[in-house]
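Letters A, B, C and D mark the chains as written, and numbering starts fresh at 1 in each.
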Amino acid sequence: MAETKPPPSASPAEAPAAISVRVLFFASLADLMGERRRNLNLPAGSTIADALRDMATDVPDLAVRAPHVSFAVNEAFVTADAPLSDGDELALIPPVSGG
Amino acid sequence: MAETKPPPSASPAEAPAAISVRVLFFASLADLMGERRRNLNLPAGSTIADALRDMATDVPDLAVRAPHVSFAVNEAFVTADAPLSDGDELALIPPVSGG
Amino acid sequence: MIVELTSDPIDVPRLIEHVNQPSNGGICTFLGVVRDNAEGRPVVKLGYEAYESMAVAQMRTIVEEAMQRWDLDAVALSHRTGELQIGEASVAIAVGAPHRAEAFEACRYIIDTLKTRVPIWKKEFFQDGAVWVEPVSSQPSTQ
Amino acid sequence: MIVELTSDPIDVPRLIEHVNQPSNGGICTFLGVVRDNAEGRPVVKLGYEAYESMAVAQMRTIVEEAMQRWDLDAVALSHRTGELQIGEASVAIAVGAPHRAEAFEACRYIIDTLKTRVPIWKKEFFQDGAVWVEPVSSQPSTQ
C-alpha cells in the first residue's frame, strides 16, 4: 500500500488532491475481476460511480454488472452517488444469497 | 364389567332395551367425579345429554361444568345430542390445554 | 412421520433428523417449554395428562392435514406426558419443506391446532397448590 | 445473544439451549439445509462466502431489531461459511419468547431479512460446473 500515497498537496491544510480507497470484490464479482481486493487512487471528491468507471476501463463487464450491485462503504450500505474519502473500504456487493 | 350386561330383551332381534357405556373423566373432571372411569347403564336411545343428567344425580356440579365440556364417542368429537350405543366409550373432555 | 406421546424427555435432534430429507431446504421447529411463571405467578412444575389413544389419533390427523395442505413429506410431532420441570419441552414439532414459507406455516398450524383439539391437559403446580389449566377459548369444535 | 459465522457444523442444540430461558414458553427455530437440487437440477454441494465483518454486523443489527420489536431476551443466529454437503445446515436461528406468536414472527423476520441484506453468497456446485446464486429480487436497500 506504500505506492498509493497521494501526491503532495499545494496546500497541506486542505483535503488531499487524491484519495486512496480499498475496494473489495466478492463471489461472482471476485471471479469477474480476477482478484478479491485492490487499492484504487482517485481524485478527491470521487464518488462510488467514479470508482466504477475507473475500474471498468480494465474490466468493461463491470459496467454491465453495476446496475445489479450494491455498495458498502466501511460496512454500511450506501448508494452509488456516495462520496469516497481517503482510506475508505468500498465493497462491491452482488445480490446476496445467504440463508 | 360383567355386571353391566343388559337385561334380556323381549325381542332378541331388536336393539337391547338398555345399553352399557364406558365413561372416561380427565383432568379437572376426574377430580370432580373422584374417579377416572365408570360404566353407565342407560335406556336404549339415550344421548350424551341423557348420560350427563344421569351422572349429575350423583355429582350435581357436573351439570354446572357441562357447558364447558366437549364430548368424544369412540375417540371422535360429537355434540351432546349424539345418541349412544351399547359398548360405546364416552369421554368427557374439559377445555384442552396441551402444547 | 413421527407422532408420539412420551413420558421421557423429547429428543429434539431426532425429530429434526427425521425431517431433514434431501429434498428439503428449510426446517421449522417449535418447542413449547415450561415457563417459570403463569401470568406472573411462580410455577414450580407442570403435569400433563392425556386421553392417550385419542390424543395420538388427533395429533396424527393434524399432521396429515398439514402434510396434505402444504405438500410436505416429513413432519415430526412429540408431546410429553407426566411431570415436567422448568425449561423442559412439553411439545416439539419439526417440519421440513422444500422452501421456508411452507415450513413456518405448517409448523404454526400444527401447534395452533393441537392447542384447540388434542385431548391433553396441563396442571400448573404453584408453591401453595395446583390448578388444571382450562382456556375458555379452546373448546374443541365438533368434527 | 449468539450471532456468529462459523466454518464448523452448526451446533443446533447449543443455540436452543441459549434461548431456553426460564421466562420463555416457546422456542421457534429455523434451519436452512442444503437441498439436493436447485429447481430440479441435482446439486452436489454448496459453498458459502461472506464479507465476514459486515455480515456479522448486519446479522447483529437484524437480531437487535427483532429483539426490540418483539421484546425478546434471547435470540441465537449462526451462519455457515465454506463448503457444505447435502443435509447440512447453512443457517440456524433460535428465538425464545414468553408466547409462541412472537417466537414464530421474530424467527421468520430474521431469516427473511437476512436473505435480503446480509452479505453472504451461495455457490451451487453441479456435476458439470458451479454458479453463484444471485436472486434478482434480493437487492439490499440502502440503509
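Here is the rule we use: contacts are C-beta pairs under 8 Å (C-beta built on N, C-alpha and C of every residue); 3 or more make two chains touch, one makes a residue touch a chain.
Since we're looking at a predicted model, the values are computed, not measured.
Student: Can you list every chain that touches chain B and also touches chain C?
Tutor: none
Student: If you average the CA coordinates per chain, which chain's centre is most distant from that of chain D?
Tutor: Comparing chain centres, B lies farthest from chain D.
Student: With centres defined as the mean C-alpha position, give me the chain A-chain B separation in Å.
Tutor: 79
Student: Quick one: report the Å distance separating chain A from chain C, using the average Cα coordinate of each chain.
Tutor: Centre separation, chain A to chain C: 52 Å.
Student: If you average the CA atoms of chain A and of chain D, how far apart do the two points sit, in angstrom?
Tutor: That gives a centre separation of 29 Å.
Student: Give the residues of chain C that touch two or more other chains, as numbers and ranges in rising order.
Tutor: Residues 32, 111 of chain C touch two or more partner chains.
Student: Where in chain A do residues touch two or more other chains at once?
Tutor: Nothing qualifies.
Student: Hey, which residues of chain D end up touching chain C in the complex?
Tutor: Contacts found on chain D: 12-13, 16, 20, 22-37, 86-87, 96, 98, 100, 103-104, 107-108, 111.
Student: Where on chain A is chain D touching in the complex?
Tutor: Touch list, chain A to chain D: 24, 26-28, 31, 68, 70, 72, 75, 77-79, 91, 93-99.
Student: List the residues on chain D that touch chain A in their complex, please.
Tutor: Those residues of chain D that touch chain A are 32, 48-51, 53-55, 57, 79, 90-91, 111, 114-123, 132-136, 138-143.
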